[in-house]
Amino acid sequence: MNWLIYALIFWLASWALNVRIANSAPSRFKSILVPMLFGFSLLGLWEGLVSGFNISPILLPPPSMIAARFASSLPILWEDFVQTFVKGALSGYFIGCSAAFLTAIAIDRSDFLKRGLLPIGNFVAALPIIGMAPVLVMWFGFDWQSKAAVVVIMVFFPMLVNTVAGLSAKNEIQNDLMKTYGAGYWQSLLKLGLPAAMPFIFNGLKICTTLALIGAIVAEFFGSPIRGMGFRISTEVGRLSLDMVWAEITVAALAGSAFYGTMALIEKAVTFWHPSQRS
Amino acid sequence: MTSRTAALRRIWHRAGPILTILAVLLAVWYASAVALNAAWAKDKAKRADTVLTFSELVSDTMSQDKPLLPAPHQVAEEIYKTTVLKKVTSKRSLIWHGWITLSATLLGFAFGTALGMLLAVGIVYSRATDMSVMPWVITSQTIPILAVAPMIIVVLNAVGVSGLLPKAFISMYLSFFPVAVGMVKGLRAPDQMQLDQMRTWSATKATSFWKLRLPSSMPYLFASLKIGIAASLVGAIVGELPTGAVAGLGARLLAGSYYGQTIQIWSALICAAILAASLVALIGLIEKITLKRMGMLS
Amino acid sequence: MSEAVISAKDLSLTFETNDGPVHALKDINLDINKGDFVSFIGPSGCGKTTFLRCMADLETPTGGTITVNGMSAAEARMKRAYGYVFQAAGLYPWRTIGGNIRLPLEIMGFNKSEQSKRVTDVLELVELAGFEKKFPWQLSGGMQQRASIARALAFDADILLMDEPFGALDEIVRDHLNEQLLQLWARTEKTIGFVTHSIPEAVFLSTKIVVMSPRPGRIADVIESTLPRDRTLDIRESQEFADIAHRVREGLRAGHAYD
């Protein structure tokens, strides 16, 4: 019972602190400190509640137990990470995004294709494409190739739709300007079309980071070699060792955030001129 | 007469390209079906010591029991058999399975929308919530929640929560994010001039919320709802994967993949697609009606 | 001096819309001589911008002919016969001011050292020296518009076409830029086509004022200015200035521009 009270007091105290910091003069440091503090207070609350209510670790292991498990199974976690993230997600992400990018450039010249493909692309982007996983596992086998294939079709349409939207983002004046210079198609594309499309392209790239990870992990539920994050999660759930599952989830969360963060950083460097990046 | 041809031309202008590309996709599908299934057909013919003519080969590739890629008409036939010809209460009816998935989707979507809207209001009106929670809301989406689905299902089952709720929970997690982000954007959409106007009338916070912020957020809300409901459906389907393949479209997928029933997989896939499209279209319709009544649609 | 650089004969342009055809331009005849500063003035919808865009081959006329430097407008565009300044600066936000001015030079294949030299030169011409490394969004609206003029001057075409270039600026900045533009015109001896909806601006700048009227877009009056080429802002208080402005207003009234 004491645990419970401590946990609640700890959480309330850190929330009060957060409110104080948030309402003081803003700074860059504070905008990192506040969510960090909030995150830690949640972890503290979790630990306290699990101990306070005597929740069985089979249902919900406390953060300390997950951390211990994480530290002691680094080699397995690394092996799974390489199989699922590096081989499955990254290669699929790269192939899918490049293919979508090239397709977008190919159809950008044809109004007919654009009017036909865009509604279909938008439609497909809203479909539960992940359901294609069993089919692709059947076609490409159990290893990472089938996971990469799932990722390819998951990221293709969001990326296509974003790139096509981006390529039409150039404004009328900038376009006319290119005409008055007598610029050719490729000159226009290189100097105007692509730079103007960059904010949209990066939006697509960022959305696709999450999709890639989800695709690679869920595809493993339909068959995989005896390694990989999805494989580990489904087998460890079956053995009720949830601390290992949470350790995998931690890896997935870290990898997902790092992947997203990397794309966001590159975006910041490339589209520094865009109003959304300037402040 | 001329106005009719003009109207026809307009319809063709919009639908023509889409129909053309769909026709091309259908042709590609048939061609792939022939190409992918030919190996099996030839293999079978070899064992039977016969040589197939081209037309025999083609017709064989489209009538296999467990083809690598079923032809579109095989899938259509299967869908027809499992929807129209089966009783809705039968466990072999796709409508029954679809309903299981749909109910989890809708429940999760309702929870997710409510949670997203609450979070958005909190974020817009409290700086502390904004600074503490918003970064985590965004981080929460870089966590591949679908990967956690099996665990959530198993754990909730262990504490006695089973059936609809665990799936709905996953749907909720997937749908709250777009709603929260869109709603924050929408509630912040009124510009300084409009907010100042409210102040000159000394309106209370509540009044300016109901009269200004909430109405301005509607277009944003509907845009996110469309993304949210599609995400909800994905959540419900993936949530069905680990339940031991009993019911729902996800279960049909998994069972199909266990037993190599490709036609069953594809019919479940197409059904899921139709379901997703109808749900998004339904929200689009509600959006149109609502915005029209609010005078926000030209 | 009287050789026609731009010449329009029976020029017409009709847009097909859902509400039937719209006659943006109808039977336009006009010669613009070398070294002229010609303003096009009229209410919105009178086709002044459309006419300028026809000269630049940004619109294709549906009737009549237009020649630029003795060639068709399309040929002239491919030969880069003119610089064009739009209503908005339209600078590329991902390029610096220098980079924006370099853009047409890159497209037209000037070599690197020539590019740098010209960028420095035109920046001085529009009094923006020292701003080469800045990004457009770090500059005021007036400076951005000056940069876009520099961009149009960079490749040294004989003709400068300007479509309400100062329309979005406040009057104080506008006065200053008008004066600068006249000095620039005197120094470079270019032929300038200038669209505006401000009567004082048209009178102050031009050697020839083309008054246009709407529905269908046509020329209502062509006024040859009697003001000396070399003028300062003070000239706007003179009787002669008021007389020309009066004639412009008469022309607009006759063309039902005030209806």
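Residue numbering begins at 1 within each chain, and the chains themselves are lettered A, B and C in the order written.
Everything that follows uses one rule, which is that a residue touches a chain if its C-beta (ideal position, glycine included) is under 8 Å from a C-beta of that chain, and two chains touch if they have at least 3 such contacts.
Predicted model, so just to flag it, every value in this text is computed and none were measured.
Asker: By that same contact rule, can you tell me which chains touch subunit A and subunit B alike?
Answerer: Shared contacts of subunit A and subunit B: no chain.
Asker: Of all chains present, which has the mean Cα position farthest from that of subunit A?
Answerer: C
Asker: How big is the gap, in whole Å, between where the Cα atoms of subunit A centre and where those of subunit B centre?
Answerer: 19
Asker: Suppose each chain is reduced to the average of its Cα coordinates; what separation in Å results between subunit B and subunit C?
Answerer: Comparing mean C-alpha positions, subunit C is 53 Å from subunit B.
Asker: If you average the CA atoms of subunit A and of subunit C, how many Å lie between those two points?
Answerer: Using C-alpha averages as centres, the distance is 50 Å.
Asker: List the residues on subunit C that touch subunit A in their complex, please.
Answerer: 56-58, 77-80, 82-84, 86-88, 90, 92-94, 103-104, 106-108, 135, 137
Asker: Taking the touch rule as given, give the residues of subunit B at its contact with subunit A in the complex, in rising order.
Answerer: Counting only subunit B, the residues touching subunit A are 13-14, 16-18, 20-22, 25, 36, 68-69, 127-128, 130-136, 139, 141-148, 150-151, 154-155, 158-159, 226-227, 230, 233-234, 237-238, 241-242, 249-250, 253-254, 256-257, 260, 262, 265-266, 268-269, 272-273, 276-277, 280.
Asker: Which of the residues in subunit A end up touching subunit C in this complex?
Answerer: Within the complex, subunit A contacts subunit C at residues 171, 173-174, 176-183, 187, 191-192, 195-196, 198, 271-275, 278.
Asker: Mind listing the subunit A positions that touch subunit B in their complex?
Answerer: 15, 18-19, 21-23, 30-31, 34-35, 37-39, 58-60, 112-117, 119-120, 123, 126-128, 130-132, 134-135, 137-139, 209-210, 213-214, 217-218, 221-223, 229-230, 233-234, 237, 240, 242, 245, 248-249, 252-253, 256-257, 259-260
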